[in-house]
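Sharing a structure, written as C-alpha cells. Questions coming.
The letters A, B, C, D and E name the chains in turn, as written, and every chain counts its residues from 1.
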Amino acid sequence: MKMPPALPRLIALLILVAVPLVEHNAYWLHVFSLALIAAILALGMQLLLGMAGLLSLGQGAFYGIGAYVAGALAANYGVPFLLTLLAGGLAAAAASLLLVPIVRLKGTSLAVATLGFSIIVHLVILNEEWLTGGSLGLMDIPKPTLFGVSVADDDVFYWVCLVILVLVFVAMDRISKSRFGRALSAICQDEEAARASGIRLAWSKSKCFLVAAFTAGVAGGLFAYHSRYLSPSDFTFNESIEIMIMAVIGGLGSLSGAVVGAFVVVLMPEVLRSSGELRMILFGLAVILLMAAGNLGIVGLASLAAAKLFGLFSSARAWVSKPREAN
Amino acid sequence: MLRINNLSVSYGPVAALRGIDLTVEAGETVALVGSNGAGKSTTLKAISGLVPPSGGTIEFLGETLNGLKPEAIVERGIVHVPEGRRIFPRLSVEQNLEVGAYSARAAMRRRRIREEVYALFPRLRERRQQMGGSLSGGEQQMLAFGRAMMAQPTLLLLDEPSLGLAPIIVEEVIRAIAHFRAEGVTILLVEQNAELALTLSARGYVLETGQVVLTDESQTLITHPKVWASYLGEKELEDT
Amino acid sequence: ALADTVKIGVFGPMTGDAAAMGQSEKEAVDLAVKEKNAAGGLLGKQIEIIYADDAGKPEEAVNSAKRLISKDEVLMMIGSISSPASLAASQVARQMEVPQIVVAGTAQKITTAGNKWVFRSPVPDTKLVADLVDFIHEKFPNYKKFAFLYVNDDFGRGGFEAFKKAGAKYGYEIVAEERYARGDLDFTAQLNRIKASGADAMIEWSRYTEGALVAKQFAQIGLTLPRFASDGVATPKFIELGGNAVDGVMFTTHFSPATVADIPAAKSFIDKYKAAYGRTPDAYAAEAYDAITIAMLGIEKAGKADRAAVRDALAKVEFGSTRGAFKFDEKGDPLLVTHVVKIDAGKETNARNIPVQN
Amino acid sequence: MAALLETRGVSRRFGGLLAVDSVDLDVTEGEVHGLIGPNGAGKTTMLNLLSGHLPVSTGTILFAGADITRLPSERRAAAGIRRTFQNLKLFREMTALENVMVGLHASTRAEIFHALLRTRFQKREEADIAEKARAALAFVGLTALADQPAGSLPYGHQRLLEIARAFVAEPRLLLLDEPAAGLNASESRHLVDFIFRIRSAGTTIILIEHHMDVVMPTCDRITVLNYGKLLARGTPKEIRADGAVIGAYLGKGAVAAAAAVRKAEAAHAAH
Amino acid sequence: MIYDQFLQTLLGGLAIGCIYSLIALGISMIVRATDILHFAQGEVMMVGAMTGFSSGVWAGNAPLLALIGGTFGGGLMAVAVELGVYRPLRARRVPLINVVIATIGVSIVLQNVARLVWGSEPLAYPALFETRGLVISGFTVSPQLATIVVLSVLIMAALAVFFRYSRAGIAMQAAAQDPDAARLMGISVERATVNTFAVSGMMAGAAGVLLGSLFFASFNMGFITGIKAFVAAVLGGLGSVPGAMVGGLLFGVIETFSAMFISTSYKDAVGMVVLILILLVAPMGLFGRAGRQV
C-alpha cells in the first residue's frame, strides 16, 4: 500500500489554512505570514536553482525591487493592493531583463555576477533618494485593502499570503511538468546536449530568470504591506543568500522543500530569539547539520520517515486484521 | 602473486561483482574480458583499493590488501592505469611523470626511469613542458603509460588501454606492454577488444554480470565457441 | 493579564554589526533593574526584563516588537538603538498601543509622525546639530565654509540634513559633501577631496569605528582642519581605536563623563557601572539607563499595569537623569541640553569651557 | 545526388594550434560518410563545427544549400542536424523516455502560458511527443527501460539512448562521434545493423570511428583527416589500400601486432 | 599634487588589493582542490586577525609574533573546519551546493563565536609598521602600505614556487585535478586536501593581520572582505593562482580609484560592473581556462 503523493500536500495545506483559527497570537501570525512570503521567494529560487541549476544570487534584488515598487505606488499614488503586487512583480520581471547578457555565464561566474547585481541594486536603493527615500527608508505604506475591505488584520493578511503562495506553488508545479520545465532540467544536466536537442539556452534561461524575478517581485510587494516600512538594509545581498539557503535546506529541486525550507529559515531565528548571544551560533550549526541531509533535504528525510511509519502502520493493520481473515 | 577469493563489490544497491575467484602468477600476463558492465573495471578498482570490497579477500604476495588505502597499495608495487587515461590536465608532462613517481618506493630512481620513458616515447620528451590536458588522445595514452613506468610496478593493472585510440596508436600501446613484460612486470589486462587481449595474454578470465563464467589458457579461450559468439564473431573484414 | 512580575521588553542589536551598542544597552538596563528589584521592585512585584535581539535590522525589530507585545505580553518596550529599527518598531507600538522608549535612535521622524506611544531617551539629531552649530558659531565665529563627511545611512544622512538647515541661520556654506557606506575602511578619496575644498572646518557624522579610521587617515594624508563630530563617536572606544589621531576632535553628545561632572545622578551611575562592568559607560549606556529609569518611574506613577495609563504617566515623568533634569516635550523628546566634548591628549574635556577664537 | 552538406575551407584554431585546417567536405544526401584519422586529427573538432558547438575560425558551411556558418547549434538542431557525443552526454537524472522527449523540444510549441492553464493544446502535444519518444525507444530496443533514469543504464544502452534522442527528431543529418567506443565486438555488430536501419529511414550520417569493423561495412565514402588537414578520401576499399592512410592511421592491425610481439618474445625466450 | 595623490591612491589600492589577493588565493586553491566555494574564507581571515592580535599583544606588541600568530591561527581554523565540517559532509556524498551552504553556516558560527571570544568592540591593533609618511623624491609614500605590498608579494611568490617545484605542491595540484588518479599514484588525497586548507588558511590569516594592522580587527570584518575576495578570485579566474593575484590587485585598485574619481557612493558598484563586463568577455575570468566542453 502506497501513500497517494498529493495527500501530504493536502494535509499540509489544511494545516496552514487552519493556523489562524488556532493561533491568535499576533506575533506568531506575523512571523508565519513572513514565512509564507519567504516561501514564495523560495519557490522562485527553486525554479532557478533546483530545476534549471542556475545559482542566482539576484533574487534578493528582485524582492527589493518588487517591495519598493509596490510600496511606493501604494504610499504615494494610492494604487490598490492587488495592482501594486502585480506592478511589483512586473517591475522585477522587467528588471530581470538586465540580466539577459549574463545568463550565459555558468556556475560560480553566474553566482558572482548576480551577486554583483544584488549589490548594485542595493546601492541604488540606498543612494537614489528621489526614488526610494534613500537611507531613511520608505514609510507610511497604507494598510492593504481588497475590494474596499481591509485585509490588514494579522489573520486575514496571513490568508491572503497563503492564497498567493498556493497560486505560485501550483504555477511552479505545472511549469516543472511542462515542456519548459523539461528544457530547464535538460539545461541543468547538460547544456551542450540541451543545445544539441534544439533548446535555446539564453532564451530559456532568460525566461526562467523572468518568471523567478516576477515571483520574487510579488513576494516583495507582499512584504511591503507586511512590514509597512521599507529600509535599504532589508535588501542587501544577504537576502539573496538566505533565499538560496531556503531552497536547499528543504530539499533541492522539491517545491514542498522550498516551502518547508522557508519556514525553517524564517522560524528558526525567531524560536531562538530568546537564546540571546547564542542565537546565531545555534542557527549556523543547525544550517550545517541540515546540510548533512544531502539532496533529500528536510522534506526528503521526513517523507522517508513517513514512509517507514506508514509501512509500519499498514503492516500493523495487516497484522491486526489477520485474525478476522482467519474467521 | 595475486590471489582473489570470492570477491564481491557493490555500488549502493547495485552488485557489480558477485564472488569472483582469480589468480595471477608472477611474470604472467592475464586477460580479463567481458561485455559492458560485466565488472572488469570494478575488479581492477577493488585490487587497487579505489572501491572497498563488500566480501571476499584480495591477497598480494601473501598479504591481504582488504582495507588498505590506494596510496598504501601503490607502495606494494601495484600500479593501476585506470579507464580513460586520467592524466592531470593542468600539470605539465614532466610534472605528470613526477607525480607518477610519488610513492616512496618509486621516488628514488625517478630520474633514471624518466630517461627510460623518454627513450621509449620520444614524443613525450618533445612535449615536456606542455600541459597534459592539451595533448592529443594518443599522446595522453603514452603519458599514462609513462606515468605507470615511473611508479615501477611489480603488478600492472591496465584498463582498456586501447579505448578510443587510432589503430596505429594501439600498436604503440602493444609495444609499451611488451616493454613492461620484458622487465618482468606482471600484468592484469582488461580489454574490450577480446581478440587483442587474448593474443597478448597467457591466460584469460571471462566475466559476465559480476561472475567468472570461463577461465582457461588464452589460446583455448580464443577458439571457445561461447567467447567466439559473444566477443569475437565473424571477422568478415579482417582480410584485405 | 495578571502577571506576577512587571514585564518590560528590551530590544536592540545583541548580534550583528551594532552588537557593541546593544551590549551597552543591556548592561545599563540590567544594572538599573537589579538595583530596583533588590529594593522591592515595582507595584509590589519584581521587574522581569525580556530581551529580544533585532540584529539592528528594521525587519527584525518589527518581529521583536510583535513578539514582546503579543507573545511575552510586556507592559512596555525599550529599544531599539538604530533609527530605522526604532522607527519600524514604533509602527508596531502605535498599532498595538504599547508605550515604547527609544534608546538611541536620533532620527527626527521617530517622534514627529504623530505617534503618541513613542518616547525617546536621546534628543533628536536636529536639536543635537542645532546646538553644535550654535556652539561653533559662538566659539569659532570665523568658520564659514564647511566640509561635511557622513556615513550614508539614516544616521549620517539625518545629521547632514540637520546641519544644512541649522547652518543656514549663520550663512554657513557647505563646500564639500562627502559620504561613505557603513563598513567602509578607506576614506582617503573623500578626505583628499575635502583637503582640496578649501573648507574652514570639517564636520563628520560617523560612528566611532569608521570615525577612528577617518581620524587616522586624516592625519596620514596631512590634513589639519578643525574637526567636529557626531554623537556616534561618544564612546571611550573612539579614543582607544583612534589613538593620538583623534586629539583635537570636538564632538557633540548626549552624555560624557567629562561634561556631567556636576550632575549627581551621573556620578553615581558612572561609579555603579564601573563597579559592575569595569569600564566607563558610553552614551548608549547612559541613554538606556535613563530610559529604564523613566520606565520604572512611569509605571510607578501609573500605579497599575495598564499600558494606556503607563503611557500617560510617562509623558509626565520628571526626574534628575544622568544627563540633567529630564522632561519630555509634547512630541516625546527630552528637553535636555546637549554637550560638546573636545578630545585633548587622549582625554575627554568639556569643550564649552574653551575660549572663543577669532 | 545533391550534396546535403558542404564545407568550404573550414578551419578552427585553438591558440597556436590549427586543429582543423581548411577542410572541404561534401556529404551526399542519403549516404553514410566516414570521418577517420589519428587521435588529435581534428575529427571531433570538425563535428563540433558542423553541429555549431564551436564557431569556425574561417570557412563556410552549407547545409541543404543554405549557409549555416553563423547559425547557433540549437538552430542547427532545429534545422535537422543532430548529433551524439564522444563522451556520452545524457540527462542522467531524467528517465530514458524524458531524454528522448527533450529531443523533440525544437518541434513542439507549448509555452509557459499553456502550462500554467493546462490548455488542451498542451495536453495533446505532451501526449504526442511521449508517443513519438516511445516509438524511438522501441526502434533502438530500449522500451523496457523507458522509465529508468538514464544514468543508471549500462554503458552500451546509454550509447543507444543518445542515438535515440538524436534520431527521434527525424533529422536530415545525424553526426555520430565514436558510437562504438567501449562496445565489444558483438555490440558493435548490433550498432552496424542499426546504422543501416537509420540510413534506410532516409537519414544521412557522418560517422567518426576508430573501429574499422564498424566503419568499413557501413560507410559509402570515407574522409581521412591528419593534423587537421584532408589526407585522403574515397570508398572504403580505396581508403584501405591507401598507403598514406595505412602509414598514418591504419597500421598493420592491432591483433597482428600483438601476435608479432608474442612471436618475438617466444623467439627471445628460446635463446 | 595630483600626481602625488594618484600615486598614493595607487599604493593604497595595491595594498588593499594584495590583501584581497591573499584571501582570493585561498579561495581559489580550495575550489581547485574540492570544488567548494568557501564562503567562510573571510571569517578564517578574521580569526587570523584576532589570533594575531592576541598573540601580538601577549608578546608585548611584537609585530612579527602577531604575523606568525595570525598565520597559524588562520591555518588551524581552516584545517579545523575542513576536518570538522566539510570532510564529514563530503564523506556523506551530499551534493556540492550543500557543502557550499554549510560554508555559509560556518561563517555565521565563526563570526558569532568570535564575538563571544573577542567581544563586539573592534580591537585596535598595535602599530606593526611605521605609519608616518616617508617622503621619497618629493612623493609621500606610506611605509605601512609599502610593507604590506612587499610582504604579500613575497608570500605569493613563495606559494608559486611551492606549487611549481615542490613535490608536495605538485601532489596537491594532482589531488585537486583528479583525486582518484592521484590516489593511484600514492598520493593521500585527504592529506593533500588538509594541506590545501592549511596553506589557504595561513594566507588568509596573514591577510587578516595585515588588514587588522591597517584598520582594526573586529568579529564582523570577514564577511564583506571575504565576498570581495571572492569576486576578485572569480575576476581573475577561479582556480588560477596568477588569476587570484591579479584579480585581487585589480579589484583593490578599481575600488580605490572609483572612490577617488567616480563616486564614493557607487564605488562597490563600479567593481561589480567591471566584473560583469569582464565575465561577459571572458566567462571564466581573466586567467580561467574553460575545460573542453564537447
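Rule of thumb we're sticking to: contacts are C-beta pairs under 8 Å (C-beta built on N, C-alpha and C of every residue); 3 or more make two chains touch, one makes a residue touch a chain.
All values derive from a computational prediction rather than experimental measurement.
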Intersection of the contact lists for subunit C and subunit E: A
Chain whose mean Cα position lies farthest from subunit E: D
A-C against A-E, pair bridged by the larger set of C-beta contacts: A-E
Interchain centroid distance [CA atoms averaged], subunit B/subunit E, Å: 42
Cα-centroid distance, subunit C relative to subunit D, in whole angstrom: 74
Chain centre separation in whole Å, for subunit D relative to subunit B (CA means): 29
Averaged-CA centre spacing for the pair subunit C and subunit B, given as whole angstrom: 75
Contacts with 2+ other chains: residues of subunit C: 15, 152, 181
Residues within subunit E bordering two or more other chains: 112, 115, 265, 268, 293-294
List of subunit E residues in touch with subunit B within their complex: 167, 170-171, 173-174, 177-178, 180-188, 289, 291-292
Complex contact set, residues of subunit E against subunit A: 31, 37, 85, 88-89, 92-95, 97-99, 101-102, 104-109, 111-113, 115-116, 227, 230-231, 234, 238, 265-266, 268-269, 271-273, 275-276, 279-280, 283-285, 293-294
Interfacial residue positions of subunit A with respect to subunit C in the complex: 25-28, 30-31, 34, 123, 126-127, 134-137, 139, 227-229, 231-234, 270, 273-274, 276-277, 279-280
Complex interface listing, subunit A residues touching subunit E: 49, 55, 101-102, 104-106, 108-109, 111-113, 115-117, 119-120, 123, 126-127, 191-192, 237, 241, 244-245, 248-249, 252, 277-281, 283-288, 291-295
Subunit D-facing residues of subunit A, complex: 171, 174-175, 177-183, 185-186, 189-190, 192-201, 207, 211
